[in-house]
Amino acid sequence: MITVGIIGAGRIGKVHAESISTKVKNARVKILADPYLSEETKKWAKEMSVEKTTKEYREVIDDPQIDAVLICSSTNTHSPISIEAIQAGKHVFCEKPIDLDIGKIQEVMDALKKNPVKYQVGFNRRFDHNFAAVQAAVKAGKVGDVHVVKITSRDPEPPSMDYVKISGGIFLDMAIHDFDMARFLAGCNATEVYAQGSVLVDPGFSEAEDVDTAVITLKMENGAIVVIDNSRKAVYGYDQRAEVFGSEGMVASANDSASTAVISNAQGVTGEKPLFFFLERYMDAYATEIKCFIDAIENNTDTPLGIEDGLEPVLMGLAAKKSLKEHRPVKISEILEK
Amino acid sequence: MITVGIIGAGRIGKVHAESISTKVKNARVKILADPYLSEETKKWAKEMSVEKTTKEYREVIDDPQIDAVLICSSTNTHSPISIEAIQAGKHVFCEKPIDLDIGKIQEVMDALKKNPVKYQVGFNRRFDHNFAAVQAAVKAGKVGDVHVVKITSRDPEPPSMDYVKISGGIFLDMAIHDFDMARFLAGCNATEVYAQGSVLVDPGFSEAEDVDTAVITLKMENGAIVVIDNSRKAVYGYDQRAEVFGSEGMVASANDSASTAVISNAQGVTGEKPLFFFLERYMDAYATEIKCFIDAIENNTDTPLGIEDGLEPVLMGLAAKKSLKEHRPVKISEILEK
Amino acid sequence: MITVGIIGAGRIGKVHAESISTKVKNARVKILADPYLSEETKKWAKEMSVEKTTKEYREVIDDPQIDAVLICSSTNTHSPISIEAIQAGKHVFCEKPIDLDIGKIQEVMDALKKNPVKYQVGFNRRFDHNFAAVQAAVKAGKVGDVHVVKITSRDPEPPSMDYVKISGGIFLDMAIHDFDMARFLAGCNATEVYAQGSVLVDPGFSEAEDVDTAVITLKMENGAIVVIDNSRKAVYGYDQRAEVFGSEGMVASANDSASTAVISNAQGVTGEKPLFFFLERYMDAYATEIKCFIDAIENNTDTPLGIEDGLEPVLMGLAAKKSLKEHRPVKISEILEK
Amino acid sequence: MITVGIIGAGRIGKVHAESISTKVKNARVKILADPYLSEETKKWAKEMSVEKTTKEYREVIDDPQIDAVLICSSTNTHSPISIEAIQAGKHVFCEKPIDLDIGKIQEVMDALKKNPVKYQVGFNRRFDHNFAAVQAAVKAGKVGDVHVVKITSRDPEPPSMDYVKISGGIFLDMAIHDFDMARFLAGCNATEVYAQGSVLVDPGFSEAEDVDTAVITLKMENGAIVVIDNSRKAVYGYDQRAEVFGSEGMVASANDSASTAVISNAQGVTGEKPLFFFLERYMDAYATEIKCFIDAIENNTDTPLGIEDGLEPVLMGLAAKKSLKEHRPVKISEILEK
């Protein structure tokens, strides 16, 4: 039984607490820490069999019973708390992104070299049944060598403009998941990024020096070309699909919906919309990623997504940002050289 | 080059004339005969390269150049004209049903025994790309032994009540195609029929001593069970599907629609309705059945649908009618014994 | 918080215990009773936070803390334990069928009249997301008046012949779920049943005086016709679909599969098989039915499936059995008159 | 009745001759000209009711009875023959591309200014039922403002290397159709092109200084971003799809296949592959484009695809070629300035 402490009781921290309480049999949450801990959250934590709640995250780090820390706090705290937890000998699950500053991610890498605990980054989509099935088919050679990967990722509605301003921009906030998916499906790293973007959803994105619609082309180490299309607003719901085309065929996934019911009437043949957003689409994926993390600790195996898997998508996101700004393809090596 | 005469210039006679003119390279229509021949039809026939039009069908039978006769006139004339044409040594393509009276079909059989010309019955659906693919899969053993066949056949709108009254009823007018399909897909004859029916679309069907909604269960010689569901009115269009379930799997077909375009919006994910009715759905099938008939003449092979294929569905239809009336399963042998 | 006792620790009893432990927030399992209680089950029960295990089901009935009893024991005990529990003032959730003897079901009805506790029968498929969506569309008037209902229900593999012999036959063991679905989707009771059956999967079914392939036609009170097709063996997995056709359109559901991934290669375009069997397909439905039962107790409302909903499918099953034996349509009233 | 001459009796010239013979009622082919006219072609032309065949294309231009000329000869002859035909007062249908040299297309434009006959360019895909339905939905406002267009265009097998060498490269030979589709679906011109490419199918493409796999990003005048992915070899057949995403929804088309039959067995749920190649997929589209051309002449209306529609895709193709070579986004204006 692995004893877990969760730092951050926002939406995603709660998702993980509930997963562990109801679906992960070999783990329990001992402490849930959040600086803005409400009475409601305290009550909710009790229902989830969380032993203790606190406003002080150091209580998690300092508790000798805690085996593993889940870092679900705000992005700017991910890397420093990662380092503290690693230095305290705790295994770490860290929400994406580790940091938007490459140097800070490298500091976490350095800490891990000294204290080689288990470290997993929260790219949850790899654990989605559809994307996992696509990748499994690719890995099993069902499509041969990978030639083209297409990833569609559209949110049902944009976040608040307050959030947009501090989000790091569409490439680091939203496409970062797709950059991870690109590596997952192509089976290698990107070497170059070209980003094209427009403000078509809300002029507010222009004011935030961001775009709301983007198409990103990646050249991968194995010659494959990946194309990602992003939008901040798809009126029909969360659109999350992938297609891998190769020398021996193609594998593609569609969205999930609430049911398979289809109505045929005088207007047409109508099925349900995709599930609304990430909490609906990825609830099971969140549970699976935590199960994999706990199992890696229990069995002393590698986590499915290590620190390098946290670094690469940030490099790709920074390259995309630079590409849009400088209006040219940008090599990953340019970002690393900085 | 096979020279053809067409008797009957109604909708289906014209379909065949146009098919031969534009799609059947080894045949030409010399004469089109119809007692109610309009000026418009005469003009149309010329455009279709038909050499001659006449009100007198005997001119077709008597013309020594005519190799083959297509009988597309009203149902009550199918068997007598069949016999005349056979006796004149013409090959015959006869629209379904040959007759609603078993004795008259047997007279045609007798005529054929004396003059073994090519004879084909117009069950066009066997030549539809979807049903043909289903049957090909069954024949190739893809589903193993056939256990259950399901046939859905729904019209987009009911015919006029004047037509309903003389139609022979839903089982002989509409389900007769499905009875043929049952034999085609199960690969053998039916032994017993049970029909359940309701008047749910239009009370006029009650007055015509008919039903507008029916479910028919067939027991086949090989033990397979076939179920057919019919409706005179599907608001979403012509619904024509089949499913064959067997020891090694299932093969099923869906409807055709005008395009594969699908719209996703706030209301759902909507594709096109099925093609409206038989002229839209089966236009290619009508051409293919005539091509097969012409080829059978040219190559002196069996037609794909012989006189027995014309007889069996009528037996099944009469059994279904009797079943509904007597409220019990009826054996095909009971109909033959009469 | 509703306190529950579960009688029967077989597969389905455990499913319910796990559901309550992990997914039903307003209930807890106090006692799990099973005459063949193993050490393994005891250990498992502890993990599921079950307070106590026992071999004596009377301890559940006699415990004054127990609010509700889940009867998951063998079929022949359903009605007597139901009556004991009702008389003890416990709310009852009873797995299907309540009994195969109509008289015994009526005894439970009598007990309920004297002690009107909450009573729910375990027809879990009503809570499946697909069937629930189909019924919701029908109830919302999306297809108008119901004309034809088609239900396909095929198991991936037959049960053992030992089980088949005591199962009550395909109509009472397997089709009983479909009889409930017919009432759920058509919105009324059946008046007449016609069953056609064959032994095509395994000759053992003949020896057990049963069939393994069946097509059942139901006439409903509102004139709608329902057709059910059953097979004991679909090599491609558990096939559970429904289609409701009416005056304004059609609604149909498809099977669930493990993912939406589709592979296109030189052989064709291939998606995943349906989920293997009922535990895979209906796991969420089992949780939802228990949630609904607990909520009905907590809110003092009707359960979604009362004692009549337990009676009618048994009547339909007995009628189907009689229909196959006597080779004729059988009215439900004939079964009641007996 | 419009009298047509066809110059070029290769595959596409024959397709048009057959369309006119069998499907276009208001036109006839008087002359078919080809410098390599074979006896076989002469015989075939007779079957197609072509009055005359010749090796000398000038006989078409000089015949005063000819109303319209279809230019289906080799690419390098498209622009000079266009000019000759225009100067002779003939209406012109010209296969794509008009020329790979912008200056020569402008010469045709100049000729048209002096002799404003009807001129149509052969971008047949606009007449495909699927793409036409997608565009109709966009034009009807069903997806609101266009934000992203995705076009997939993959051939089932690469052409011969001899052809590749003279083809003008993937962007001018293959993607040119997709450039037209981009304009058709986005409803405006492109302003900038970025092309990424790889040689993954056959190293021979490298020798021909070409690529076999490409992803092209277009910025359109209205801010929409179009992404095209091309491959010279899809083992599952001709893959031709489009998706338009906008402010109010998405419309997408799928491939056509030979039937809707789907087989479910122990291996999965398998439907048919897409139709093999362009002759299978676009046969009806070829007939429709010619019908539209003939109707535009008869009714004296604009052709659906004028000379500008022939120019723009060539500009886009040249920009893509330059983009790949110079490894940067290229503006259309750069190509025009040359």
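As written, the chains take the letters A, B, C and D, and residue 1 is the first residue of each chain.
Simple rule for what comes next: a contact is a pair of C-beta atoms (placed from the backbone, for glycine too) under 8 Å apart; a residue touches a chain by one contact, two chains touch by 3 or more.
Fair warning: this is a prediction, and the values are worked out from it, not measured in the lab.
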{"item": "Chain of greatest Cα-centre distance to chain B", "value": "A"}
{"item": "Chain pair showing more contacts of the two, B-D and A-B", "value": "B-D"}
{"item": "Rounded Å distance, chain B centre to chain D centre (Cα mean)", "value": "40"}
{"item": "Where chain A and chain B are represented by their mean Cα positions, the distance between them in whole Å", "value": "58"}
{"item": "Shared interface positions of chain D, touching two or more other chains", "value": "235-236, 239, 248-250, 264-266, 272"}
{"item": "Chain A residues within the chain D interface of the complex", "value": "145, 147-148, 150, 152, 154, 194, 196-201, 213-215, 217, 219, 223-225, 227, 229, 231, 233-236, 239, 245, 247-250, 327-329"}
{"item": "Contacting residues of chain B [partner chain D, same complex]", "value": "22-23, 25, 47, 129-130, 132-134, 137, 142-143, 248-256, 258-266, 272"}
{"item": "Partner chain A, residues of chain B touching it in the complex", "value": "235-236, 239, 257, 264-274"}
